[in-house]
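Shared between the two complexes below is subunit A, which has subunit B as its partner in the first and subunit C in the second.
The block that comes next holds the complex of A and B.
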């Protein structure tokens, strides 16, 4: 009887040992799966935040082209783009306001047709952007309104793109 | 022989007892291990449940952020946002010279609203909430004000019936500015007699009184409304572009509504904003942020005017006199935390002058100032 009970206890310990090994294996797989899932979630979140920031920028009254306060959809004013760039580069208070709004990001407005022009309106990228491989740019097609001048009495609209890199 | 039998019997009994104890110990061991395994799995389930709840709150937080950010681009809109049963609170606190406003979800996760101008009651409930927007212009568009409305709140608009000019303005606000989805009622009153309205079992109510109150004392409300869940907003001169807003809250000790604080509205959007708050500090913070936005946008508009002065055919419209108007607005709004001290008539005068300049430029076919 004594030996039988000892054998039974040993059996139970063995079963538990195998059970815990299987459990540990399952945990290792689960943690690996969960890590890859979190990485994917992080990329998705960064994509969403980039999109939101791009939407915010395209709707900024400081950039939006308007006729008596009525603006077009995704239509930016070329003079406002330059003015915002000048203000952010020269006015520290204004720069702080935009840092709290845009965070660590880079906002580029590109004119792509008929001519090519670039404005890096805001750049607060972290130092080692090469190391952050999960950040992807978000693009929004826009039109840029160039106010009237000697050649165009009513001004003209040109095609462009808004490029936003959001780092967090 | 008899002695041997007795000894054997004793030995058998001893062995049996020993075996029984070992079997019991074996089962005890199995039960302890079983309990440990059960506790282990239960703790995993509990942890997963907590993580899942937190994820849901984060999802809700991000959704609210998207709606509020999106609201900045939508001039006039109203949407209903599901809160999935999460309790949402709105809180503003003074930090240094500035102000910080947060939405707090289930007392666990918070969303900082940065420079978004949001008007909301302290308790947004735990059901759907309405999000509505309205542009704030001065005279160029500065930002969109975002209003978060608790559908469990009732709005009673009372106006001084003796002032005929008030009726049109208040009706315009009632029918065109306040969304139809909320529960609202319009009541003409002498502002001296008690105000009568029915109890529709709303947990919260806001009484907005247009017109000058006799001795600055609000009229008596029905008995069911005399409690902490009722908040009174008084706008003595609603026809003005900018004027005072008085907030009254219920004092349990005196059993009366007593003045909480006095503030100001600038334009209809901020007037409407005062209807949705139930705490004067939250209103003050929202307006601070509005003036911070105005100050920043004004800098960009000034810089744009300077750039436009380079246009040879229109340069006369973007000279020093126009830039001075922007400079004046910049000086008046340089300290947004003290926005209530601004010389509002002077500020509004500058807005009017900018409007006039814009109208003149429009007639000449040159780029507008805004």
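The block that comes next holds the complex of A and C.
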């Protein structure tokens, strides 16, 4: 009788052991899932904020190209790009205004065709950007208008991209 | 005999409980994984924004060919595929379609290839075959397509740009 009771106790302990192992596995699965989900949400949020900032920059009156008061579509002015860069890099008050608008981010305008040029219009990246691996750049294809010069009386449009890195 | 029958019944009940737990666990996993694939808003927004911006930016770009815009070259390509005025050469050939093909391929490659698979088609309302066809890789998964109609001397032409997630 004692032996039978011992076997039954062992059986109960074994069942409980298996049950707790299953419970632990479920907990591990749930925690891993919830971590990956929050990381995914963070990446999504950062993507949306980067996109929002890219749209803001592409429609910024300080950069937007216009001819006789009419603005082009996705069209930035190369002189205005240079002017904004000069203002932000030399005037501390202006820089503070743009910091409050763009936060910790980096805005690069790249000409792709016909030649290749880069303008880093704004750079307020955090110090250790290598550690922030969830931030991805957001690109928008744009046209950059080069105003008239001696060779071209009406100016011309070149193809480029607006690249935005948003860190928060 | 009765004791044996009752043991068999309780064993069977145990099996049923295990199967039920298993089904509940599988349903949980399926529920979460399906919800994850549900709607990726930012990805869709990203593709929509890129398709419309890419087409409008490409069309208004001035090329190295007598500063003609891409849309002007496309119109010549769709109309007779012969240059109006001096001709321009590109790596693929002498015609406006060859020139437009090379310029658009370069722009698409430099601006989109890191993020998306894409395809670009230029068709006219009368021809069966596309005048320009740029398909570097087959589009798989969720796609966003934008069709931009344009008027030219011979009627209407349609520019179709399709973007999808890189595989």
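Criterion: the second predicted complex is superposed on the first by the 139 of 168 C-alpha atoms of A that agree within 3 Å, B and C clash if a C-alpha of one lies under 4 Å from a C-alpha of the other, contacts with A are read in each partner's own complex, and residues count from 1 in each chain.
Everything that follows uses one rule, which is that contacts are C-beta pairs under 8 Å (C-beta built on N, C-alpha and C of every residue); 3 or more make two chains touch, one makes a residue touch a chain.
For clarity, every value in this text was computed on a predicted model and none was experimentally measured.
Undergrad: Have a look at where A:97 lands relative to subunit B and subunit C in the superposition and call it first, second, both or neither.
TA: Touch status of A:97: first partner only.
Undergrad: With both structures placed on chain A, which of the two partners, subunit B or subunit C, ends up touching more residues of subunit A?
TA: When the residues of subunit A touched by each partner are counted, B comes out ahead.
Undergrad: With both complexes overlaid on chain A, does A:113 touch subunit B (first), subunit C (second), both or neither?
TA: In the superposed model, A:113 contacts subunit C only, not subunit B.
Undergrad: Just subunit B (first), just subunit C (second), both, or neither: which does A:59 touch?
TA: After superposition on chain A, A:59 lies in contact with subunit B alone.
Undergrad: Using the touch definition from the top, say if A:37 reaches subunit B (first), subunit C (second), both or neither.
TA: In the superposition, A:37 touches subunit C alone.
Undergrad: Could you say whether A:157 touches subunit B, subunit C, both of them, or neither, answering first, second, both or neither?
TA: Second partner only.
Undergrad: Once the shared chain is lined up, is A:48 touching subunit B (first), subunit C (second), both, or neither of them?
TA: After superposing on A, A:48 lies in contact with both subunit B and subunit C.
Undergrad: Is A:80 touching the first partner subunit B, the second partner subunit C, both, or neither of them?
TA: The answer is first: A:80 touches subunit B but not subunit C.
Undergrad: Looking at subunit A, which of its residues have contacts with both subunit B and subunit C?
TA: 48, 55
Undergrad: Provide the residue numbers of subunit C that touch subunit A in the complex, in ascending order.
TA: Subunit C residues touching subunit A: 25, 32, 36, 40-43, 45-46, 49-50, 53-54, 56-58, 60-64, 67, 69, 103, 106-107, 110-112, 114-115.
Undergrad: Which part of subunit B faces subunit A closely enough to touch in the complex?
TA: 15-16, 18-19, 22-23, 26, 29-30, 33, 62, 65-66, 69-70, 72-73, 114-115, 137, 139-143, 292, 296-297, 299-301, 303-304, 306-308, 311-314, 358, 362, 365-368, 370
Undergrad: Which part of subunit A faces subunit C closely enough to touch in the complex?
TA: These residues of subunit A touch subunit C: 26, 33, 37, 40, 44, 47-48, 51, 55, 72-75, 112-114, 138-143, 152, 156-159, 161.
Undergrad: Using the touch definition from the top, list the residues of subunit A that touch subunit B in their complex.
TA: Against subunit B, subunit A makes touches at 1-2, 5-6, 8-9, 12, 16, 45, 48, 52, 55-56, 58-59, 61-62, 64, 66-69, 71, 77, 79-80, 82-84, 86-87, 91, 94, 97-98, 100-101, 147-150, 153-155.
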